[in-house]
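Note that the chains take the letters A, B, C, D and E in the order they are written out, and that residue 1 is the start of every chain.
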Amino acid sequence: MKEHLLSWLTFAPTAGALLLLFARVLMGAREETIRRLALALSLVPLGLCVPLLLRFDPMASGPQMVERVPWIRFFGFNVDYFVGVDGLSLWFVVLSALLVTISILASWRAIDQHVLAFHVFLLLLETGLIGVFVALDLFLFFIFWEVMLVPMYFLIGIWGYERRVYAAVKFIIYTMVGSALMLAAIISLYYLNGGTTFDIPAITENVRAGRLVLDPATERWLFWGFALAFLIKVPLFPFHTWLPDAHVEAPTAGSVILAGVLLKMGGYGLLRFNLPLFPQATEEFAGLLCGLAILSIIYGALVSMVQPDLKKLIAYSSVSHMGFVVLGIMARTEMGLQGAIFQMLSHGISTGALFIIVGVLSERRHTRWIAEFGGLARPMPVFSALFGILALASVALPTLSGFVGEFLVLVGTYTSELAHARAYTVLAATAMIFSAAYMLWTLERVLFGEITREENRHLPDVNGRERLTLIPLAVLVIVMGVLPNPILRRTDRAILELKQAVRGAVLVQSEPLGRRAPNPALFGSAAREQAESMRRR
Amino acid sequence: MLKALVLSPLIAAGILGIFGRRWSERLIAAIGCGSVGFSMLLAFRLFFGDLWPRPPEQRVIWEPFFSWIASGPLRVDWGFQLDALSGVYILFVTFVGFWIHVFAVGYMRGDPGYARFFAYMNLFMFMMLVLVLADNFLVMFVGWEGVGLCSYLLIGHYFDRAYAASAAKKAFIVNRIGDFGFALGIILIFATFGTLRFSEVMGTIAARFPEPEALGEIGLLTTIALLLFVGATGKSAQIPLYVWLPDAMAGPTPVSALIHAATMVTAGVYMVARCSDLYARSLTALFVIAVIGGMTALLAATIGLAQWNIKKVLAYSTISQLGYMFLACGAGAFSAAIFHVVTHAFFKALLFLGAGSVIVALHHEEDMRRMGGLKRAMPLTYGTMLCGWLAIAGLPPFAGFFSKDEILWRTWTSPVLPEPWGRLLWAIGWATALLTAAYMTRLIVLTFEGEERFARSAEGHALVPRESPPVMTIPLLVLAVLSVSGGWVGISEAYTGGRIANEFEQFVRPALARVPVHSDHLAIAEFGHGMELGLAAVTALAVLATLIWARRFYRRDPLRPAPRLLENKYYVDEIYEALLVRPIVRGSTVLLWRVFDVAIIDGAVNGVASAVAAGAAVLRRLQTGLVRSYIVMILIGALIVLGYFVFVGSQFPAR
Amino acid sequence: MERALFVIFALTAIVAALNVLLRRHPLHSALALLVVLGALAGLYILLGAYFLAMIQVVIYAGAILVLFLFVIMLLNIRAEEARLARRPFLRWLALPFALLLGAEIFYLVRTFEENPVPSGTSVGVTEAIGRELFTTYLLPFEVTSILILIAILGAVVLARRG
Amino acid sequence: MESLGINYRAIGPELVLTVTGVLVMLLEAFSPGKKVRDGILAAAGIVLAGVAALALWEEGPVTAFSRMVIVDGFRVFFTLVILLGTLLTIFVSWGFLDEERIPPGEYFALLLFGAVGMTLLVAGNDLMILFLALETITIATYVLAGYRREDLRSTESALKYFLLGAFSSAFLLYGIALLYGATRTTNLAEMARVVSGPLGQAEIVLLMAGAAMLLIGFGFKVTTVPFHVWTPDVYEGAPTPVTAFLSTAPKAAGFAAFLRVFSLTFPPLGIESAADQLASHWVAAVTAMSILSMTFGNFIAIAQTNIKRMLAYSSIAHAGYVLIGVLARDWAAVAFYMLVYTIMNLGCFAIVALWARRGDERVLIAEYAGLGFRQPLLSFPLAIFLVSLAGFPGTAGFVAKFWLFKSAWGAGFPELVIIGVLMTVVSVYYYLYVVIVMFFREPKEEVPRVPLSRAFVAAMVVALVGVFYLGLLPTRVFAVLNTAQNLLAIGQR
Amino acid sequence: MTTIPISWYLAVAAVLFTIGAVTVFVKRNALVMLLGIELMLNAANLTAVTFSSYFRELAGQILVFFVMVVAAAEAAVGLAIIVLLFRHRETLNVDEAQLLKL
């Protein structure tokens, strides 16, 4: 049977966008119709996620549901249209589809200008997002990676707040600096691999099997070529300053997608490229990156704490949360890697939802300043409950999604072979305190206390549509916290293989360096781990 | 059955939380109390029907639920485990919890957040049961943080009062500081043992670490133990993290009774007892615990002496009593600590509920300066409060006497504390006991005796306090009975000359570790029952004397101002604020955000951008619009190219 | 004899060229250029390029330059005024530029050793050139027709009134 | 054949174009002002020329007219690019001719004659042909630049273009003379043969100087720094359709000639030869020119307020990118880049021309404010072309740029690639600035709607389809180029 | 037969070229600048003819022939532009033509 599921998933939104255009141009659809239609169209990829999840085989090795068609040929362009999902990417695809639908719902009233264009851009963006995660060809990956910048740029620039232009430009220039160097690195890698293919699994396999051995200097350059793009996207301190601006100025939908999916592309990239392709350089720079991750975690939390602007506060909290992702990835233990993925998913949902929360507020009050609120729990009890749950997920309260990710990252870091693993763990764990401080302080100032402004006294509570956006996310946050295994199980195999690839390559190449011996209680032979993971299922 | 026991309050909480807002108070109360009552019945059934009859070494019921987190070598399941220790805990938690719920039915009447309140209370019960019944550290951590969350929610019940919201936040954050240590401890346990199951960790600890770590040695176990204890200092309000508990009194009084007196705050003690195998192997940790416990007991008692808010006095007394419990743990007497937890639950719940009754009667007046003479109007409350007063003061045969005395005795004879710390800490405990008697007497006197001071206060109307309705007084009576008799289950064998064993200790002991005994240390037995009885008598008499003296003293001048230092709680909050909170906030605002983020990083980014723009503007000037200058430019270029080709190029012959 | 002629022609050319540069009035410059062209025609003769010498005089001097003169007369252009210069310093760049450019070109000329041009060659006779033009260089020759056509068309388009 | 080599098929496209040009010109003379007739005729001539060019496809590589012209795949490809550019220019000029009341016949004739020069430049195998072709182009475009005669800006543009162009032609000519002195021939094939062996010291110096002069001349034509100075002024002052033409077809032709002269005649042979000695220097010089063009072009473009000037600087920057391809000596990449650049730049200018209205009144970027949603049929295509110029994936601009960079990296110019990608980021800034103004800024006054002519729509469709087709499914064109590469006249030496 | 070294001719050409180039950027009159360009072209011509004679080969002279045609064409168009400019401006001073800049 020919496999087309992923193509459908990726391009259904594009088709949807075209359909929207036709609906307006040929049938003269009104704004309300456009909204409904866009929502319905966004449900298509979301619906396609069901067969995706059903057909995904957690046991299978390598990418699944692969489609491969020769695409561009001649002159060294051995570019294939090559897509597939594996444990690393599966959930991000689902997340993208989910958050786009939620975003459309969340923008129902907030977007009253250029409704058609908004939804067209959003759907195009979705294609880019899903495409990044399913692409298995470097060239294709890069196309999706860049392509999604344009709709995002428009989303921020047209429907954003006051300083939207500055934010949009900053966003695009910042990210493009990183991706420009990645392009150079891709080209370089292509030649180093023999100049015949952009096939990611093949190149990865060549590295793993020792057929593609890079000299250390080259590897370092390539590592940074890729890493910089990803770290800017993540964003890791000190490359993070685009994020507060972009998040704050973007419309709610834009913030949701930015926080929910775009940042994840950075973490995903590190997992997909830096770790397996440049294991030695990763080993070399892991300490540095961990240090920066720690800085991000603490710094993001502290700066978040003192923000007077609710949206900026949440934006900075993203910096903190995403620091965990980088830390987990650089720890390169199964728990760390899985924790990183889980943390990304959790952050995508909880922070995305928090941005919707801010959106709800700013739709009602046209301000995001914390000082303008206070005592909202009285007029808006449901809203407050949802805000509370999501904030607590962000605080990583056990049984909520944030905890699983952070805990796995912390355990993973502690048990890793990093040079200062303990110090990293301890420092990262301080986020527990800081996140509680900024989130609860925020809750206190927004929801609790006396109502200081008369306008707030009779604010309407979340309406049905808003509930439809927030409650599923809140429920997901709880479900993911209580039952993370369905997610973890589907990433297991890919993580295991990734870890083995990394470890194998490092061990093969750096045996004489004699790193400190792993704790035998934790690290059995690779074979034992394999057996173990089999048994677990 | 364990699952049903645990989940019953959760389900009730869910129902109340989602649908409760539109329901009548009666229905809400029925669901709220009913679910806890159901849990209580199950707890009794499990305890007496299932656990008790078993032989001591088989008193473990394990119910796995489902897998929670499975990643790499980490396997964590939702699983519950009932043994003697948790058995005792669920018994009094559900029991006290149930009666406090009943009390709250009356206390919260007319509150707009009625459903919310009961939802949170039920949720709390669930979390507490999870904490107690967890079979591994991580699930325990769930309960641990969960009760913290509920505490947060309930302290902030009156969320539109700024101080309540602020107190709730403070409670959570301070608890989080403790949890930070706790979480690290858990990670370290996993890294060391490769598992988080209590049975596996505690079961293998002896084989893995046969020798206890000596005093002053900071080994792996000590690190773990101390990290976990950091969590305990947060949850159980010990130095230096006790500051949240007094503020937590901003919540409704039943909350204070249930969470901030009877159950949650003893979670730290529970945890230490649960990990007694671990603690028993680290003399350093035990020593630290004992010292911190003793210090906290004394410190809180002195502050309690000077507070005017009735609930604050009780809060400090709670801190003080918790200090006792840790003192016991530190001395290696885990069962004594648990014993005190139980008796304390009874009498402290009673005291809080009594205070609650008073507060309701006085229309939410909490300042003792505006109370007094209530014994006539509220005889039932007064009577039951007297039981609690005597119990906490430690007068025989009230509950507090037995547990407190055992702690003091065990401290005196502790095999793990270095000389002369056992006796030193005993002295601290002893002094605390007298202080306790003094400040509790003060509370009783100020509240119930002397002249009525409340009439003057409330908005011109004369206040006529009335006795609370039966729904509130019945729980008082029940708890009063237990405050009197609750201690009898654990009477030291000294009193019977060794004929009857200490029932409580006998029951709990298999679940707890035995501390190692130094060879140079006298065994308890060698001190003899005589000495134990003698010390107890001395204590009891001293307490009695204090009670009498204090009653006279405060009757004479109830409003005598306390030393400013004590009234201001040694300025600890202010010091924390000045040394920690403000620098962090200021530093984050000014240094990190404004200077580093905005000025330096963003400045650099924007600087590059504007440098590019400025450079562009300058380069743009090259285009003067003047043909002749263009020609000059071309000419310059031509000269350079030509020069390069002709001079440089022809100098070097072909390779 | 030849050398003398060379020197005369060369000097005339250079001096006249300097006149093109230094004269204020465009008319004088144009006339100076006329002299240069004539002197160059002489040099062409020395080089044996008789045909070129001829058309140099007929076409270049006779047609193109006359066109210049015609325009100068037509527009009644006056002499340049010094103060109208927008970038007077450009004038001062002239000397260093001239020196540099001259030095570079001289350098490359100098390296061309003392190879004499054979005199009295007759490759440049009309017949030979004509044959070449219509055989080997047929295509470029035809292209010039387009060039002229464009020039005519362009001049018409640009200079036409209204 | 070789002796005289008169082969009219070999100059088929040029012949067709010339005949059409003359025809259009004559028709104008006898019955003036028939725009549609002349336009269709000119377009038909271009299409026919394209057919004539395609007919040469399988001929290659041969020479004709005493080795004056060469027939190979690349000539055909570049010819087609030039014809496409000319055709699109006719579409773009449609409204302009009416507004300015320009006699269409003469205008089309000049375009066609200019195109003849360009195709000849591509075909030329002799410096004389190259010189004449170049002059044909420039003289035609001098006139075109000054076409709006009543507008002083247009005249000034023509004057500057003319003075600087003639000045640089003199250098080119001097270079040709010196190369002739060095190698005794003006024929490129012959010259390549001569320089592939050793030369005497004097000849080497002449060769170097000649090549340098040629580099200056070509550098001028393809607008590379520091010989770019004319570009912004001329592009700004010339009528917008002419600017569109100037920035595309002649540049494509220029680069083709550049490649023929430098990378085929003086290639780095790797053996001891004059060519190799020269190559190491022209590579260094062109590297410098490429870097300067990329940086200057992109940076100065940021500071522009006039969209035509901005596109002029962008065109300088693109010349810098293409030079990377020249250095990598990847004909196919350069050809493809010029095809793509022609399409997207003409697309851009088509909109600019339409928006500018009569007399190029509305050319400030600020005057695009609010265009975004008021006339999406203008703003969105413009945004797409700009995004393509910026090299965003999914558009042709990306594929073209990627190819250049890839070739350059493979050919050993990684530093150029890194500068190139970074400069691309800089370029994003100013390209998207136009987008910002269009979509994110509110107009100061009511924005009128501009009527769209059919020719404009046709140009848009062609350009948009081109941008996406070449950006997403370039394989077919690649296959054509692959054939062309195999048909490249290697045997020329 | 006395002969003249080839470099003499080349030198004269070089000098003329230089003078022409300088004329172009020193003079402000567009027409005189055009004269300077003619001078440069002629310098190139002289070079070509010199080499042609030296090689006894015609290509150089043919080139010069073409250059003359080109010069004529250029002059025609250039003078047309100049006339056009004069009509607008009443001056040929190129320094005045500064509408397009920056």
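The rule we apply is simple: a residue touches a chain if its C-beta (ideal position, glycine included) is under 8 Å from a C-beta of that chain, and two chains touch if they have at least 3 such contacts.
No experiment lies behind these values; they were computed from the predicted model shown.
Participant: Show me the overlap between the contact partners of subunit A and those of subunit C.
Facilitator: Chains in contact with subunit A as well as subunit C: B, D.
Participant: What is the set of chains touching both subunit B and subunit C?
Facilitator: Touches both subunit B and subunit C: D, E.
Participant: Please give the pair of chains with the highest number of C-beta contact pairs.
Facilitator: More C-beta pairs are in contact between C-E than between any other chains.
Participant: Looking at mean CA positions, which chain is nearest the middle of everything shown?
Facilitator: A
Participant: Could you tell me which chain lies farthest from subunit A when each chain's centre is the average position of its Cα atoms?
Facilitator: C
Participant: Report the chain whose mean Cα position is at the greatest distance from that of subunit D.
Facilitator: Centre of mass proxy via C-alpha means gives B as farthest from subunit D.
Participant: Averaging over Cα atoms per chain, report the distance between subunit A and subunit B in Å.
Facilitator: Comparing mean C-alpha positions, subunit B is 36 Å from subunit A.
Participant: If you average the Cα atoms of subunit B and of subunit D to get two centres, how far apart are those centres in Å?
Facilitator: So the centroids are 78 Å from each other.
Participant: Please compute the C-alpha centroid of subunit B, do the same for subunit E, then give the distance between them in whole Å.
Facilitator: Those two chain centres are 97 Å apart.
Participant: In whole angstrom, what separates the CA-based centres of subunit A and subunit E?
Facilitator: Measuring from centre to centre gives 65 Å for this pair.
Participant: Indicate the residues of subunit D shared as contacts by at least two other chains.
Facilitator: Residues 128, 132, 135, 139, 142-143, 146, 149, 158-160, 163, 167, 171, 178, 181, 201, 205, 208-209, 232-233, 429 of subunit D touch two or more partner chains.
Participant: Give the residues of subunit E that touch two or more other chains, as numbers and ranges in rising order.
Facilitator: 17, 20-21, 24-26, 28, 33-34, 45, 50, 52, 54, 57, 62, 66, 70, 73-74, 77, 80-82, 84, 94-95, 97-102
Participant: Can you list every residue of subunit B that touches 2 or more other chains, as numbers and ranges?
Facilitator: 620, 623-628, 631-632, 635, 642, 646, 650
Participant: What chain-chain pairs meet the touch criterion?
Facilitator: Result for touching pairs of chains: A-B, A-D, B-C, B-D, B-E, C-D, C-E, D-E.
Participant: Spell out the part of subunit D that touches subunit B in their complex, as residue ranges.
Facilitator: Answer in residue numbers: 159-160, 163-164, 167-168, 171, 198, 201, 204-205, 208-209, 211-213, 215-216, 219-220, 225-227, 229-230, 232-233, 272-274, 276-278, 281-282, 284-285, 296, 299-304, 426, 429.
Participant: If you look only at subunit E, which of its residues touch subunit B in the complex?
Facilitator: 21, 24-26, 28, 33, 94-95, 97-102
Participant: Would you tell me which residues of subunit C are touching subunit D in their complex?
Facilitator: It is residues 104-105, 107-108, 111-113, 135-140, 143-144, 146-147, 149-151, 153-154, 156-158 of subunit C that touch subunit D.
Participant: Provide the residue numbers of subunit C that touch subunit B in the complex, in ascending order.
Facilitator: Counting only subunit C, the residues touching subunit B are 86-87, 90, 93, 97, 100-101, 104, 107-108, 111.
Participant: Touching subunit B in the complex: which residues of subunit A?
Facilitator: The contact residues of subunit A facing subunit B are 170, 173-174, 238, 240-242, 244, 299, 302-303, 305-307, 333-335, 338-339, 375, 377-378, 381, 385, 392, 397-399, 404, 407-408, 410-412, 414-415, 425-426, 429-430, 432-433, 436-437, 440-441, 443-444, 447-451, 482-485, 488-489, 492, 495, 519, 521-522, 529, 532, 536.
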